[in-house]
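First chain A sits with chain B, and in the next complex the same chain sits with chain C.
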Partner chain A sequence: MKELFPKEHVMGFIGSLVLTLAALTVVMFKGMSNGVALTILIVTAAAQALVQLVLFMHIGETEDKKSLYITIIYSVLVGLITVFGTLLAMVWGYM
Partner chain B sequence: MSKENKSVPLEYSTEENELKIFGFWVFLGAEILLFATLFSVYFALVDRTGSGPIGKELFELPPVLVETFVLLTSSFLIGLGVHAMRIGRTKAMIVFYILTLVLGAVFLGVEINEFLTYIHDGATIQTSAFMSSLMTLLGTHGAHVTFGLLWGSGILLQIKKRGLNAKTANKAFIFSLYWHFLDVVWIFIFSFVYLKGVL
Partner chain C sequence: MSMKELFAPMKEPMIFGAGISILVGAIAIVVGLTYFKKWGWLYKNWLTTVDHKKIGVMYIFVALIMLFRGGIDALLMRAQTAIPENGLLNAEHYNEIFTTHGLIMIIFMAMPFIIGLMNIVIPLQIGARDVAFPRLNALSFWLFAAGAGLLNISFIIGGSPNAGWSSYFPLAGIEFSPNVGNNYYAWSLQISGLGTLMTGINFITTIVKMRAPGMTLMKMPMFTWSALITNIIITFAFPVLTVALALMTLDRQFGTKFFAMQDGGMDMLWANLFWVWGHPEVYIVILPAFGIFSEVISTFSRKNLFGYTSMVFSMIAISLLSFMVWVHHFYTMGHGVMVNGIFSITTMLIAVPTGVKIFNWLLTMRHGKITFTTPMLYALAFIPIFTIGGVTGVMLAMASADYQYHNTLFLVAHFHYVLIPGTVFGVLAGYHFWWPKIFGFRLNEKLGKSAFWCIVVGFNVAFFPLFILGLDGYARRMYTYSADTGYGPLSMVSFIGALVLAVGFALLCYNIYYSFRHSPRELTGDPWDARSLEWATQSPVPEYNFAIVPHINQLDEFWYAKKEGRDITAGQYERIHMPNNSGAPMWMAGVLFLFSFFFVFSVWSLVIVFGIATLGFMAYRSFEKDEGHHIEVAEIEATERRLRGEL
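Up next is the complex of A and B:
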C-alpha cells in the first residue's frame, strides 16, 4: 500500500493545499492593501503551477527536457505579453 | 513500431511514444496561449458590468472552494495513478483513474450548478461584457473538463479491453498531463477571477 503513495506526490499535494490556504488569506484579512493581496495571489498561483509541472507532470524527467522547458517558457512568455499588453493598452492607459 | 526500450517507463518505450508525449507538451503550450487570451479579455472587460451584477455581488466562495479542493485532489490522484502504472500496479492505477474522473464529474456538477444560479439571478452571458467574458473563460475550462471525462473514460475502457501496453500506457500518461494542466488553469481562475473578484 505504502509504495502507492510516493513521498514526492504526497508532499506536492500538501504543498498545493497549503498554497490554496495561503491564497485565501487575501479574503480573510480585511484591510490588506490591493497591492499586497495581488502579490500574494501571483506568488501562490505561480508556485501552484510549478508544483504541478515539476512534481506531478515530471517536466524534467526525460532527455528532451531542454526542449520542453523552452516550449513551455516560450508559451508562458507570449501569454504574459498578451495579458499585460492587453492591460497596458486597454485598462491602465485609461485609469 | 520501433523496438521497445526497457530502461524507461512503458509510456516512453518507443520512439513514437516519446514523440507523442513531446507533441502533447507543444499542444499544452498552445493551450496556455488560448487561456492567456481569454484571461486578457476578462481582465479588459471585468469592470464593464453595465446594469448587471459586479463580481463581488455574484461570486460565492464556498462552492468555488469545493471546486478547487476537488480538482486539486483529482490532480493528485491521477499523479498517483501514473506512479502505480510505472510500478506495474495496473489495478491500483485503474482505481486512481476512476476516482480522478469521479472527482472531475463532481467538479463539473458544482460548476454547472453555479452557472444555473447565475442565470437564475438574471445574470446571463448576454447581461454585460463582464458576464460574457466570465462565462466564456469558465465555459472554456468547463468544456475542457467535460472533454477530459469522455477522453479518460475511453482510455480506461481501452485498458480494460487490451491491457496495459506501450500504446495504452502512452495514452494514459498523456491524459494525466492534460488533467494536471486543467488544474493549473483552474488555480489561475480561482486566484484571479474569484479571489480577486471578492477583494
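Up next is the complex of A and C:
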C-alpha cells in the first residue's frame, strides 16, 4: 500500500496551500513596508512555481534534457518579456 | 433581479423575434430527433464520442453556426450605417452588436474552426490513432460549446456585453456597465478559454510524442508544424486571459479594485493584460491558416514546399515576436516616446518572417503545374489581399502615425484585411480541401467557386471603402453619423459588399446540401493527388485512422511512395487499442455552464451546488478505471475492404 500512496501529490497540495497562505499575509497584515511585502510575494511565487513543476509536473523525470532546457529558456524569456514589458509600459515609461 | 428585468432585452422587437426563432428552432430539433428516433444515435455516435475526427466535425459545425450569428451582427451593423442618421438600431443595441460580433467571430468562429481542422487533420498527418488525451479533447470541445452557448443566450436573458470585444475598463466596470452583460463576457470567455488551454496541451503532447516511426520534427507536414507552434502560443497566452478574466470577475462581482481608477487600481492594466493575451491570439488564428495554405499551394502546384526550413524558423520567430508587440494596441494611452519606439520596432520586425513566408509561397508556385481548384483559389486570393492587410499593419505600427489612424475605420479595415483573407480564407481552403477525407465525397467545384467569387469580391467591396472612410476620420463604433460628414456613399458601397459576402456564405452552405445529394462517392482516399500522410488512408477515415501505421523516411513520404509505386500502408493487420466513448465531458461542461450562468447572476446557492458537482466529476474521473477497447483483425479487414469498395 505504501508505494500506492501519492506522497508527492499530497506534499505538493499542502505545500501550495501553505505558500498561498504565506502570500496572503501581505494583505492581511497592514503596515508592512513595500520592500518586505514585495520580497514575500516574489519568494512565495518562485517557491510555488517550483512546487508545481517538481511535485506535480515531475520536471526532473524526463530523459530528454535538451528539449527540457529549451522549454525552460523559452518560458522564462516569455515571462520576463511580459513582466518587464508591462512594467515598462505601465510604470517606467509612462509620461 | 426580477423576471421582468431578466427578460428586459426581449422588449426590443428585433431581439424578441430572434428569441422566438431560437425557441422555434430548438423545438423543431427536439421534435425531429424524437420523431425519427435519433436520440440514441446522436448520443452514442456524437455527443459521447472521443474520436478526434468527430470532435473536429462538431467544432466546425458549431463554428459555421457562429459564423452565421456573427455574420448577421455584421449585416445589421453595415445596414445601420449604410445611410446617415439611420434608425434601424439604437445606440445601445449597436453597442451590443459590435461587441458580440467581435467576440463571436474571434473566439467562437475562428478559434473552433481552426481547432476543428487541427482535430481532424493533425493525428492523420502524423500517423496517430487519436490525440494524446482523447477524453480531455472531448472536454475541450464541450467547454467551448458551453461558452458559446452562454454568450449566445445573453442577448435574450439579462442583456449582452456592450463594452466592445476588448471590454476596456473603466467602461466595462460595474460602475459604467451595471447590467450582467459583462459578467457574461467574463464567464463565456473563461470556460471556453479553459477548453482552449487544454487543447493546447493536448496537441503539443500529441505532436511531440505520437508521430509515426521515422517522422522526425523536420519531416512533419507544414500544417502540423504550424499547429505545434500555435499550440505553444496557446499554452503561453491563455493563462494570461484566465487571470485577467478572474480579476475582472472579482472587480465586477466582489468589489475589488484591480482595474479601478482609484484606491490603487489601474484601469489600463486591463488593456495591458488583455493584449498580452490578445496579440498572441492573432497569431493563434493566423499561423494554422499559414499551414493550410502551405499544404494547399504545394499540393496544387505539384511541387514540394519551397524553403521548408525557413518556413519553420520564421514561424518560431513569429511565436516569440508575438509576445513582444502587445503595447501597439494602445500607443495613444499616454506612455512615452521610448516605450512606443520599442514596440514600433518589434511590431515592424514581425513583417520580416511573414514576408519570408509570402515569398516562399510565391516561389513554391513558380514553375509549378497549378490546378485551380476551390481551395487553391482561396490560397491564391489570400496572398495579394493579405499583403494589403500586412502593409497597412506596418503603417499602423508607426506609433507617431498611429495617433492619426487609432480608433478609426482604417484600423477596422486593416484587421479585417488580415483576418478574413488570412484566417477565413485559410479555414475555407482547409474545409474544401479536407472535406472528402472526412465525408468520402468532394464538395461541388462549380458551387464552391461561385461562393469563392462572391466572398472575395464582396469582401473587397465591403472593406476597402473603410480604409478611405477611416482616413477621412470616421471613428469606429459610432452607431450613426450626420449627412454633412460625407460618409454616406462609401458606407452604402460597404453595405452592398456585405450583402454580396452574405450571398457567398449562403452558397457555401447550400453546397453542403447539394454535394451530399449529387457528388459521386470517392473511393481512392486521395482525390487531390496530394502529398501528406492523411491521404494515405481511406476516405471516410475509419475509427482507427490507419490499419497499418506507415514508416516515414522523408518529408512528403506518401507522395514519393506514390511516384515509386510503393504502398506504405501494406502489412499484416494487428488488433488495435482504442479509447472508449464517455458522456462525462458533455455532462461536466453542462454543469460548468450552469455554474457560470448562475455566477453571472450572482445566485450563490446554485453556484455552490454546481461548483461541487464539477469537482465531483473530477473526483469520479480520478477513480474511474477505463482501459479502452480493442478492434479485432477481422473487423479491420472488413472495414478496409468496405471502404475500398470491395464489399
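We adopt the following convention: the second predicted complex is superposed on the first by the 78 of 95 C-alpha atoms of A that agree within 3 Å, B and C clash if a C-alpha of one lies under 4 Å from a C-alpha of the other, contacts with A are read in each partner's own complex, and residues count from 1 in each chain.
The rule we apply is simple: a residue touches a chain if its C-beta (ideal position, glycine included) is under 8 Å from a C-beta of that chain, and two chains touch if they have at least 3 such contacts.
Source: prediction; values computed, not measured.
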Which partner does A:Ala45 contact after superposing on A: first (chain B), second (chain C), both, neither?
-> first
Mind working out whether A:Ala37 is in touch with chain B, chain C, both or neither, as first, second, both or neither?
-> first
Of the partners chain B and chain C, which touch A:Ser75 in the superposed model: first, second, both, neither?
-> both
After superposition on the shared chain, which partner residues are touched by A:Leu21: those of chain B (first), chain C (second), both, or neither?
-> neither
State whether A:Met11 touches chain B only (first), chain C only (second), both chains, or neither.
-> neither
Tell me which of chain B and chain C touches more residues of chain A.
-> B
Does chain B (first) or chain C (second) touch A:Leu88, or do both, or does neither?
-> second
Shared contact residues on chain A - chain B and chain C = 74-75, 78, 82, 85-86, 90
Chain C-touching residues of chain A, taken from the complex the two chains share = 74-75, 77-78, 81-82, 85-86, 88-90, 93-95
Which chain C residues qualify as touching chain A in the complex?
-> 232, 236, 240, 266, 268-269, 272, 276, 320, 323-324, 326-327, 334-336, 338-339, 342-343
Would you tell me which residues of chain A are touching chain B in their complex?
-> 3-6, 9, 12-13, 16-17, 20, 23-24, 26-27, 34, 37-38, 41-42, 44-45, 48-49, 52-53, 55-57, 59, 62, 64, 67-68, 71-72, 74-76, 78-80, 82-83, 85-87, 90-91
In the complex, go through chain B and note every residue touching chain A.
-> 8, 12, 18, 21-22, 25-26, 28-30, 32-33, 35-37, 39-41, 43-44, 61, 65, 68-69, 72-73, 75-76, 79-80, 83-84, 87, 89, 92, 176-177, 180-181, 183-184, 187-188, 190-192, 195-196, 198-199
